Structure formats: C-alpha cells, structure tokens
Amino acid sequence: MADPTEPDLPDNWGQWGADDELGTLNLITDDVRAKAAAEVRTGRWASLAQPVVPNPMISSPFAPTTVDVSPVQQMMSQTGVGVAADLMLVTNHHAKSTHIDALAHWSTDGEVYPGRPRDQAVTPAGVTYASTAAFAAGIVTRGILLDLAVEGALPPAYAVTSHDFEQAEKRRGVEVSSGDALVVRLGWTSTNVPGTPSPGISIDAVSWMHRRGVAVFAGDRGDAHPALDPDGPSPLHGVALGRMAMPLIDAAELDDLAALCAQLKRYSFLLTVAPPRIHSLTGVPVNPIATF
Amino acid sequence: MADPTEPDLPDNWGQWGADDELGTLNLITDDVRAKAAAEVRTGRWASLAQPVVPNPMISSPFAPTTVDVSPVQQMMSQTGVGVAADLMLVTNHHAKSTHIDALAHWSTDGEVYPGRPRDQAVTPAGVTYASTAAFAAGIVTRGILLDLAVEGALPPAYAVTSHDFEQAEKRRGVEVSSGDALVVRLGWTSTNVPGTPSPGISIDAVSWMHRRGVAVFAGDRGDAHPALDPDGPSPLHGVALGRMAMPLIDAAELDDLAALCAQLKRYSFLLTVAPPRIHSLTGVPVNPIATF
Amino acid sequence: MADPTEPDLPDNWGQWGADDELGTLNLITDDVRAKAAAEVRTGRWASLAQPVVPNPMISSPFAPTTVDVSPVQQMMSQTGVGVAADLMLVTNHHAKSTHIDALAHWSTDGEVYPGRPRDQAVTPAGVTYASTAAFAAGIVTRGILLDLAVEGALPPAYAVTSHDFEQAEKRRGVEVSSGDALVVRLGWTSTNVPGTPSPGISIDAVSWMHRRGVAVFAGDRGDAHPALDPDGPSPLHGVALGRMAMPLIDAAELDDLAALCAQLKRYSFLLTVAPPRIHSLTGVPVNPIATF
Amino acid sequence: MADPTEPDLPDNWGQWGADDELGTLNLITDDVRAKAAAEVRTGRWASLAQPVVPNPMISSPFAPTTVDVSPVQQMMSQTGVGVAADLMLVTNHHAKSTHIDALAHWSTDGEVYPGRPRDQAVTPAGVTYASTAAFAAGIVTRGILLDLAVEGALPPAYAVTSHDFEQAEKRRGVEVSSGDALVVRLGWTSTNVPGTPSPGISIDAVSWMHRRGVAVFAGDRGDAHPALDPDGPSPLHGVALGRMAMPLIDAAELDDLAALCAQLKRYSFLLTVAPPRIHSLTGVPVNPIATF
C-alpha cells in the first residue's frame, strides 16, 4: 500500500508481486480478449488520437518569429538524392498529443509502483523499470465508450462521478467489467484554456474504476485543471496511475469515435493500443484504434 | 504513367485521380474490412515491430564514448517534481525501426505520385502532399503472412519471385486478394551486414502484388542490399512505393507473428496499422498489430 | 572565375589555389596582426553579438501554446544529483543569432569556392570542404567600425555604397586596408519587419571591400530584404561570400560597440572572432569581441 | 559561508552581496584589463579549445551502426535552394567539448551561490540566476599558463598542489595575481580512460587560487577522476565553482598554447573568453583565445 495513512484510496501495490511492471494490464485475460474479439464484425474503425501538425525546424533568417507550440518538431533532411527524409523531436507528455503514460511517469512518496525507489527506476539514462516497455508490444482488449457529452460539453469544474458512469452505462446498455479499457468523453479538448476551469474525473470515479477492474483509461480530458481538490492527490495521475498502476491515455480525441458509436448504435469495440515499440520512456504518443 | 519508356513496370499514376493521396489504400473496401473482421475470433495478437532501446542523451563528462546507433535518442527532463518526463529525437527512416513510408518519401523523375512536382510536395517546412497524413487515422485491413523462411533464412542475394509467393499461399491455404496487407518474412533482419548481400523482393514479385491488388506491404527485409538489379529501379521503393503508390512498412520484426501463426495454424488476420497521428512527415515509426 | 559571363563581379576563385578553404582570411598577414595588436591599450571591450534567450523544451501539459521563436532551444536534464546540466538545439543560420557563415554555406552554379562540386562539399553527413573548420581556431585581426547610423537608422530600402564607406572613414579618421575586418552599422536589427523594406549593402559597396582587401564582414544588417536588385546575386551572400570567399558575420548587434567607440573616440580595435571550435558546419553562432 | 562546519574551505558567498551573479569575475578591474592589454604586441594567438567533429544525424537505413560519441550532433537541412544550412544538438557539459561552467551548474546544500535556493535558480524552463548570462558578453583579462607537463604528462592520480604552481611561476618568471585567468596544463586529455586514474587539482591548489585572486580557471584536466578525496567536495567543481564562485573552463586543449608560449618565451597573454551569447544555460561551449 502506497501510504498507510490514506487507507481509503484504491491501491494495487503488491497485488501482482514485487516485480510486476504491468499493473492493471494483468486484468486482460484470455476471456477478456475473446469478448473483445467478438466485438469485431464489420471492420469499421475510428482513431482516438488527435492529429498533430509538426512545427518545422528551419535554419533560415526568414523563419517565422512566433509559432504555435506543437508536440512534434520536424527537420527535413538534406538527402542528396530524390528520396525525402526527416527527423522529429517529440515531447512525450503534451496536451496536444494523444499519448500513453508509463507507470514510471508517476511516483508516490519517492517510489514507483509497486515500491521501487524512484531513483532506481527513473535514471538520467532512461527508465529502467515500469517504462513504456510494458506495453510496447501492444495492448488489445475490449473498449467501452461512456460518452458524458452527448448533450454538449460538461460544465466547467464539473466533477465526474461513478453515478455519471453508471447512468451512461444504462443509457447505452453496456457494462464495464474487469480487463476493459474505459473511454470517457467529457466534450473538452485537452488544452487548458486560461481562466476556465475544466471538468475532470473525481476520486469517486477512480474508485469505481478500481472496483470494476478497468485495465486502461482513455479520455479527452482526464484530471481537471485546476485540480478539483488541490489538497489531495490528482485522481487519475496520483491515484489511478500511481497507486492502481493503471496506464492512462491522455489527451485523446473522441469525437470521431462518438460519431461512429452513434451511427452503429454500439458502444463496445475492440481497442488496439500500439504505440511505437520504444522501451525506456516515461510515455509515448499513441494512436488507439477502436474496431467494430 | 511515371515513365513511358518503361511500359512494363506496374503503375497506378492516374488510377484514382490527380488529387489522390491514398494510393493502394483505395483498395481497402467495406468488403475487405468485413473479411478482415471475420478473422478476429480469439483476441490473440502479435506485434510486427522491432523493439527499440533509445540512446540516452546525457550532458555529462562521464557519458560513454561509443554508442550503438538507435533510431531514438532520449532526453530525461528536469521536472522539478516527482513526475518523470522526457523528450525523444526520432530518425524516421532507420533500419532498426519498424516504420511506414509515406508516398512522398519517393519521387520519380522529379515527381511525387500521382504527378506532383517534388518541390511542391516536399518543402523545407514539411511534406504538403502525400505525407503520413494519408494514414494517420490508421489503416485496418486483412493481413496475410507469407513466411518464406519456415526452413530457415533465405540465402544471401536471393531474389524473391511471384512463384515463391504462390507456393507459400498453397502451403498455408491462403490467397492474397485485393485490399489485403501482404506480410512477407525472409528470415533476415533489416540491418545490413557489411559484405553479405541480403535477399530481397524482385520486380516480378512486385508486379504480382500489383495484379493481386495488395494495399500495404510489410517485410522484415524488403529491397535487397546491394540491389538485385543495380541498373533498374528498386522493386519496393522505386516501383511499389513510387509508381504503384503502395505504402511500405519497412524493417518489420516477424518472428513473433510467424510463431503465433504456426501455433494457431492460421496465416490470415486483422492487421491494424496505427502510427502516431502526425501529419506532414515522410515516414513514421509504427507498431502494426495482427489480431486473430 | 565563377561565371565568365559576369566579368564585373569581384571574384577570388583561384586566387589562393584550388585547395584553399580560407578565402579572404589569407589576407590577414603578420603585419595586419601587428597593427591589430597595436590597437590594444586599455583592455576595454565590447561584444558584437545579440543576446539569445533560449526557448525551453518542456514535456508538460502546461507548456505555453505559443512561443517566440528563438535560435536556441534548451532542455534541462534530469541529472539525479545536485549538478544542473542541459542540452541545446541550435539553428545555425537565424536572424536572431549572431553567427558566422562558412564559405560552403553558399554555392555558385553548383560549385562551392573555389570550384568544388557542391555535392562533394556539402553532404548529408556534414560539410567536407570550406566548412566552419576554416575558422574554428579563431580569427584575430584589426577591426574597423563604419557607423552609418550616427544620426539614426538608415532609411528603408537604402542602398549602402562605397561613397558611404569613404565618408565614414573620413569622419573618423580611419582607413580600411587589406586584412581588416569591416564592421558596418546600419541601425537596423537583423529581424525582418513584414512590409518594411530594409536597407542593405550594394554591389558597389562589396566591390569596394574587394578593392580594399577586407578579410571579414560583420553587420547588424547585411543584404537588404527584399533584395535591392531582385534579378542579380545578393551582394553579400551571392558575391562577397560566394565569389570573393569572404566570411560573413550575420546579424551582429553593434549598439554597444558604437557606444564604446564614441566614448573612446576610436573606431579601430582588435577583433577576436572565436566561434565554438566545431568543424563541418555551414555556420555557427559567434560572439565577436572588440578589444581596445 | 556555504557551510559553517567546514570553516577551512575557501568561500566567497556574501563577498559581493546577495544579488551577485559574477563571482570572481568581479576581480577583473580596469587595472587588470590594462595589464592584460599590455600583453598584446604581435597579434599571434592560440585557441584553447578542442576541435569537435559533429556526429551526423542521418535518416537512412544505411547509417552506421556504431558511432563515437560527440558533444555535437549535426542535421543537414533540406533547403530547397543552393544554400546549405544545418541545425546542431549540443551537449553543454561534455568531456570532448571545451566549455565554460556557469555558477548555477553547481549547488551546495541545495543552494546556488551566493545562497539562492536551487529550485528558484535552476528551473525546468532554464536557469534564472547565475546562468551563462553572467559572461555572455565575454570575459577579457590577463591569462597565465602554468605548464606542469613540460617534461611529459603528470603521473596518474597525481594531486596538483600550490607548490607545483609556485615552481611553475618561478620557472617562467610570471606571477598569478588578482583578476588573472589561470591556465593549467597537466598533459592529460579530458576524456576518462577506464582503469587509469587521472591527476587533478587539489584543495590546497584551489585555496592558493583563492589567496591569489584567480578570476577564471582553465585546464586540460581539472578535477581528478576518480576523486582524489572521495569523501570531500571536488576541489574545482565543489569548492572553486560552488563556493568561490569562480567560473571554470573545462576540457581545454592546451598543446597549441604551450607550444606558442615556448616559441615566444612568454607565458602571459590577453585571454578572450567569448562563448555564444546565450543566456539561461548551465554551461556552454567556448573557444578561448590567447593573444600575444
């Protein structure tokens, strides 16, 4: 348990042993995968990722003087032949990039799940424990969309609760169960708007995910900004990622998915999460695909 | 037609109009997707990507003096808090990185498919036409593995032909048809071994792909190095990518897939190709997932 | 001669042999250095470089959404100890960075001074001929400031001529001679202001530099933008750098120097040009120091 | 005083006030500069910097698989025109790069000279206090070379003392005095050789620098590796930089300077230290120039 003085926070430290790096991905069993497979009937699909337009890195006196920040900077290479090639510089955690957080992204009282000293897990040369290597070969499971923004974006500073989740389940006739990926749409972009408090997931909602056995979370918005409770841990990053060891897909773009679900009248699907297979990172851009 | 003086080379310039950026992805119809969906029964899956271990960028007098080159360099950030974060610098076309080539990666006689002047499509500020944007929302289709290395790696300098493909089809009872992703295993890694000529795909094999209507190609090895025919265009890059407008997945790692196919005794599957959703690039790392 | 059809343009191709990489730096003889040394009497000095504030590269959802472009991006490293360290990404040619152009930065009719095919000199792996290596050990010579902006910035689109130079010489009692560094102040910053044509150096002025034997040029503004003569080569880059093989210090900041000269009533000095000693580049930031 | 429990370590905290960012650069007075100016008679000069050959960043399947690490990585840009340009990625503290350490590079008991909390001075967005901005406009002073390797490199693990310095002074008839730059040659390169302990500067030698009023230190080798005293602070970084607030030029290359001094039979000179004028860094490459 990460902190014995906060006994009510959901916690998976020790649940899968002292050397586990998968966290809640352990919940994705053969049965869950079979259920996920059964969702695939048409081959229709949607991407849950925001499009990213890179910023060019140009070595020129005529470069622009102000740029919109992008998670990706692009450098076109001189190749000397007709082939075109480039390099890119990627900010792995960025509000304008759909990315997945490795468990080592967070630490609690100086320790990374399930109790490794942070200094051993997160070194200047890269992450040695609970890095993106844990899901580099891909995550395949059943996904369920709970769309809380059917009638428009949630109001500013709204705290999403388990009650909201259960109402959405009833509305669509779905039920989140152990090993599922939970996809939640609040109707907000992931970019903070100065002066406007965003809605966000509450501790109550995170505890519900724990009880249901959610394996992965994806949201257009996740933790509220500013925090719903400035004195407590952030629900998704501090509790779900840090204590429950549940990988988070931050800054998803869910409009396409919501539209396809509405068109097909189905809110469950096969979710394929396959970031570039790069080890040792704290997080990495990902393009999750929902297939129906 | 890219070049009227080479009338026998397969070619799709003009096939889908003057403004097309999808090339052979146009062949993935609803019927193809339905066939792909029908392959998914168990939820078992394999990644077709090589694992990448980044090189750390360390600002230190005690850094190593020699490093193995990696497609990814990682910089751990000072965050000032317990959260760990990083940046990465990515070489988009690299023999140690499974990546997908955008159509604008190649040009023929100064033009990018289907006839755009290269200087307009490939600019110092990024790719404006036929970039990775074309598949940034993901590609979902049926995949078929033709494993030519069941009895061991192909011999050096071996030229893979349509005959090899048809024998492999018969051996496994599969048939590549229009809109499929063709996955070919030669049993070689993508890294060149100095002094050893690798096997590779021939023009004959690429012409067969054209006749069959392959939508995407993935191989552990693709074009031979050195070239099978030094005087002709490279079969996959020069003809398939450049003329047939067929996106290529270079430097795949197919051992896991081959083992899973052998275990399940099935060589067709749903293939999900979902690179980070980044526009404007000439290519980008990808982690293709085969789901059964 | 770079182009026999433009016989009137000053040219040094062949002047110092077919293998020369120094260009007009050959003019800095022992006599010139002795004259330069004689200028140093007090140890007062001025920097001719613009200050650069780097842009931080932060991996954070709370990063700013718009930034002023900087020639330098800075990444603070996680070091794991009390020592602070960083990396920087530098745009070598940038209007907000005082930098020195290597001769290979420019080519004329596909050739780099004094006649090397550009493809041999400028390769995807770096510059093999006439790179920054030519001045990486430093340039030490006499410098002379011709301040054309004593009574305010020159008017927009003004073409600086040899007459302006000679008037400035007379005003200050100095005379530019062979091997000197010529420092010219127009009173404009190096950043283009959209809609406002800047003044710039004319071909006539560059020809005068050739006759006088200027070894290095530094200016707050150099070539006008837009070009004074859109149909001809740019005077400083196309003619002085490309044909006369005279290294250029672009985007200098000369207000401090002008103020110190006015205070000391001296317009000649020792100029020390010592970029980071990095070979193979097309250009590199530099902080030239005038010592009196 | 940085730490009242170590009263014998030399210390300048508080010496120039609570807001000082210059440290021992305050010792470079008009008198010192006049003395420095008097050293310049011939215009002969030497660079104190190691040459750096950048590593190319190439986006190619044919890139080398192993590289020697370089402090600089170079990316040649596609420019679309005949002009050649590039970007570079620089490791600011590197054994193969002559660089100058800003005072904020080091902290003592969580504080940066002269008592700023490290977290305020060194932020994820860059250094806000005692950064490279302190010497970005250049340092001009008298330099003195004490060449301890006239008869060959010092032995492994040798501890350089004040006695060595005073012997070298007598040998050459020079005397280090307040405001001088001290240049010390040990005859070792800055790159660690695994298994071979290097010589280094002792606390005694650093205390001598304090008594003499040295303003800047440059050495081919500085602190020994492994440490001379593993239990104490490192003499140059921990004491001279951290407590005495004396900027350090690490990893200088002094063979050219030693040869020129021997030829001219002079061991004092004007030293011009002019790194690229970039603020906010913890350190930056520099090409110090000694002029005679």
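Before moving on, here are some points about what is shown:
Lettered A, B, C and D in written order, each chain numbered from 1.
Operating definition for what follows: a residue touches a chain if its C-beta (ideal position, glycine included) is under 8 Å from a C-beta of that chain, and two chains touch if they have at least 3 such contacts.
In this text, all values refer to a predicted model and were calculated from it rather than measured experimentally.
Of all the chains, the one whose CA centre sits at the greatest distance from that of chain B is D.
Comparing the residue numbers each copy contributes, chain C and chain D share more than half of them at their mutual interface. For this pair, chain C with chain D, the centres built from the Cα atoms lie 27 Å apart. Annotation: 45 Å between the Cα-based centres of chain B and chain C. Residues of chain D in contact with two or more other chains: 57-60, 76-79, 84-87, 89, 91-93, 122-124. The touch graph of these protein chains is complete, with an edge between every pair of chains.
Against chain D, in their complex, chain C makes its touches with residues 30, 32-37, 40-45, 47, 49-54, 56, 58, 60, 72, 74, 76, 82-93, 97-98, 104-108, 110, 118, 122-127, 133, 136-138, 140-141, 237, 256, 270, 272, 274-289, 291. Contact residues on chain D toward chain A in their complex (touch as defined above): 57-60, 75-79, 84-87. By the touch criterion given at the top, residues 57-69, 77-80, 89, 91-95, 119, 122-124, 190-192, 225, 250-251 of chain B touch chain D in their complex.
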